[in-house]
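When the chains are written out, they are named A, B, C and D in that same order, and each has its own residue count from 1.
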Amino acid sequence: MSEIWTSTLVYVLVSAVVSVSLLWVSRAVRVRAKRSSELKGATYECGEEPDGPAWVRFHPRYYVVALVFVLFDVEAVFLFPWALNIRRLGLFAIVEMALFVAILLFGWAYALRKGALEWQ
Amino acid sequence: MLKTEAYRALLESDFGVQEFSDKTPPCIEASEHHRLAATLKERGYTLYGFVAATHMPAVKGAADALELAGHYEVATGLRCPTAGSHIAIWRVRLGLDEELRTLVDLFVGADWQEREQYDLVGVRFADHPDLRRLMLPEDWEGHPLHRDYPIDTPHPPWR
Amino acid sequence: MAVDESDRSYEHPLYTTLERMPGLDVATTTIDKLLTWGATNSLWVFPMATSCCGIELMATAASRVDADRMGTIVRGTPRQCDVMVVAGTITVKMAPRVLKLWEQMPEPKWCIAMGSCAISGDFYRDIYSVIPGIDTAIPVDVYIPGCPPNPEQLIAGLMRLQEKVRAVRAGEWAPKEERPETAAMQKTAPSIARVSSPERSQDITLAQLRGAGNLGLGGDMKRKSLPIVTAKAGPPAEASTAATESTEPASPDSAKAEDVED
Amino acid sequence: MTLASAARLGVDPHRDLTDYDPEADLMVLNMGPQHPSTHGVFRVKLYLDGETIVRAVPYVGYLHRGVEKLLEELTFVQATPIVDKNDYVSPMTNEQAINMAFEALLEVEVPRRARYMRTLFAEMSRISSHLLWLATFGVDMGGALGGGTTLFLHCFREREYILDLFELVTGARFHYNTHTIGGNRHDIPAGWAKRVHQALDLIASRVDEYLDLSTKNAIFVARTRGVGTLPAKLALELGITGPILRASGVDHDLRRDAPFHAYDEIDVKVQTEQAGDCLARAHVRIRELSESIRLSKLLVDGLPEGPICGGRPIKNPTQFKAKDGQAYVALETPRGELGTYVIGGGGNKGASPYRLKIRPPSLHALAAMPYLLVGGTISDAVVILGSLDPIMGEADR
């Protein structure tokens, strides 16, 4: 029993070390310019001056598309572990996941008919 | 009939051009410039060719009044894009402060080409939509292709 | 001080912290060697390609003379690049943009003048709208002659830059000695003094920076003055810049930045 | 572009912005002078509503090097290396344009072998120019590190063969300075024709490989079909010539309509398309590539014997003098009609032109940008600019 926990412990430890060290090392060996003009911080826009505000009101269709994407992304999150252990879980899991996907397909059909996915 | 003869006949009949020389394109009055372009466009010269302005400085003791005071000479070309493609070129002579009627309402492509000639040579085009500089920065003084514009004009702080 | 960073235009805060720890002083030289190895073998190129040399720059990045084999990738934004390769003629209208892009590149950065137009302006040199060489505005590290230099020469230039970077970081870089000023050299000197030449005056640099700052054409960031901002804890070695930075240069403001003297 | 004249054409480049609240809704984006996909230093100021381009204002002049002023200072003989640098993707046609204009002005005869060699060089530089266009069009499409690099690497590999062939004859990869008034300076070395055949067969066998990568590739077609449609009437009025005009359905090619060099002795099959969108321009250029390969093989075999330079050998730069006279000569480059209008009788006691105007086909193509961009998205803007294939050295002179 204990070696299952040790492997997960090692897994968590290694992932923590890698992620932290990535951040820490790049912070440690950073370079600072001795003299830099104020242009260093200016926004890069192909060498030109940016014109007009960047905070512009966008069309609501972007929000709807993002919403639909998140919905099906979360569905995928459930699919992955299910697909890995499908042999062990047996027939019951297949029916369960089919039902889950069907409900979401129904939502997708609704979005399609309401034209949420139309771009123009 | 070959297009060159047809073009010459048109100039003789409608635009009163007498002398033709094979070394230089025919020269017409500034007021006829727009009308010639319109008639040529009807006759099939639908492809916009080019516009080339030249600054001719004053020539002392010249017979012609324009030569005496220095003038611009604007050459324009229109091409007919069919087989046996011929480009009809004509010249117009302008005083230094006169304005030549623009061709933008006939050929939209003339907009940029005339802006470039104004920018480099300095000839002005009447009722052009926005006659600004095309090539040089907006705050540039002088027109580079003028005869009296020195080629290595400094432009601090860059050169 | 294990690693002397006085002649570099950048500094590593890591070395100063390591100095304070008694035992780790020796580590700075090895870390510096490691960082040098990393920097020289991954020189990412920022293609300031304006004319014909840009085509040779593309040919160098293509398959026959592959620049990737020495770790050189051509990147589109200045934020991710180390070397700005100025390839082609720089005109008066383009020069402030080039200087702005140069300023926006993070340290450590180097500049390669590729082709004779970038080195001296070539035969366009004395034309009203062409810069007589990019080193009148930007400090250039490696000059690659040719019109256009073929791809092998560009690779040789990049390798020459690698040697220079290694020598500078190892502290053995002897800047080339200034030859005595002869009449011929004076005749061919560009109208604006080069950045590396001693008689380069500070207000030309500031005027150029101000030109790069206020590009006009609808730029809503009207920069009043552009003092050279020295790093907060930077060593006050260059007293000269600190001096001019505080007092506003009263030089005759020929550049078009109209609202400088507030 | 006046709104009136543009509306007459049914194309409104600057859609009326009154119903947009200027501050809040439109984002202004500079596709600026330094941009990986602007093929040189060209800048477009895009007014965006979300992703759709509502208005586009192009700016040129970032590479204006005053070539016309410089050519007024130099003599006829010295002009060739200067003009090489204008259209730096097919420099051969630059040299030919200016030397043909001087030959017309100075009435100098060009021997038959020189005219044949000029035609051959023009066709081979069309192959290398269209290969470079296909390479950069691939990168515009797929991005430098994305899928576009395959097309880029393939086409540049083939282009190197053409540059090697030119290097054998003239000694340089481009900027050859091989044409003078009255003919050519470098004759063709022995065994060169065999190498040309090898290289052209290699490129011909790979052209259908490019088709799979481009016009037969579903993503390529999806991104270019119906994008940037240029009506023929607008193209003619803008003075657009070359592959862009032929893709809009106008069957006009100077090589067949007003033959120069030795084009009257060979028949050029002009490739046209009707749709006028980016895909049509791609089709025209790729078919022109194969056509140029066929023409080059024809020309290499049929190269006549004889002298390669008609005029007296060049001894001093002020050898050719012209008191007056004007000449306009145009020839078909890979980008369209490159015309040279020269007035004789300039400085150096008549040895340099009084005025020399170069008609840049790329500048006319760029003038179509406001018309084509409106209504598309930013990714379409990149594709449209790539399909126009502008060269800023020639547009800004």
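FYI, a contact is a pair of C-beta atoms (placed from the backbone, for glycine too) under 8 Å apart; a residue touches a chain by one contact, two chains touch by 3 or more.
A quick note: this is a predicted structure, and the numbers were derived from the prediction, not measured.
**Student:** Specify the chain most distant from chain A by Cα centroid.
**Tutor:** Measuring from the centre of chain A, the most distant chain centre belongs to B.
**Student:** Comparing A-D against A-C, which pair counts more contacting C-beta pairs?
**Tutor:** A-C
**Student:** Between chain A and chain C, what is the separation of their C-alpha centroids in Å?
**Tutor:** Computed from C-alpha means, the inter-chain centre distance equals 39 Å.
**Student:** In whole angstrom, how far does the Cα centroid of chain A sit from the Cα centroid of chain D?
**Tutor:** 45
**Student:** Using mean CA coordinates as chain centres, what's the chain A-chain B distance in Å?
**Tutor:** 61
**Student:** Can you give the whole-Å distance between the Cα centres of chain C and chain D?
**Tutor:** 34
**Student:** Multi-chain contacts only, two chains or more: what residues does chain B have there?
**Tutor:** In chain B, 136-137, 144, 149, 151 touch at least two other chains.
**Student:** Could you say which residues in chain D touch two or more other chains, in rising order?
**Tutor:** Each of 28, 32-35, 45, 61, 64, 66, 69-70 in chain D touches at least two other chains.
**Student:** If a residue has to touch 2 or more other chains to count, which residues of chain C qualify?
**Tutor:** Touching at least two other chains: 93, 97-98, 101, 127-130, 216-218.
**Student:** Per the contact definition, I'd like the list of chain A residues that touch chain D in the complex.
**Tutor:** Those residues of chain A that touch chain D are 45-54, 56-59, 61-62.
**Student:** What residues on chain C touch chain D, complex-wise?
**Tutor:** 47-52, 54-56, 58-59, 62-64, 73-76, 88-89, 91, 93-94, 97-98, 101, 123-124, 127-130, 147-148, 150, 217-218
**Student:** Under the definition above, what is the set of chain D residues touching chain C in their complex?
**Tutor:** Spelled out, the residues of chain D in touch with chain C are 28, 32-36, 40-41, 45, 59, 61-66, 69-70, 82, 85, 88-89, 132, 135-136, 144-145, 152-153, 156-157, 159-160, 173-175, 392-393.
**Student:** Which residues of chain C touch chain B in the complex?
**Tutor:** Interface residues on chain C, with respect to chain B: 92-93, 95-96, 126-132, 136-137, 190-192, 204, 207-208, 211, 216-217, 254-256.
**Student:** Contact residues on chain A for chain C in the complex?
**Tutor:** Interface residues on chain A, with respect to chain C: 28-40, 42, 44, 47-52.
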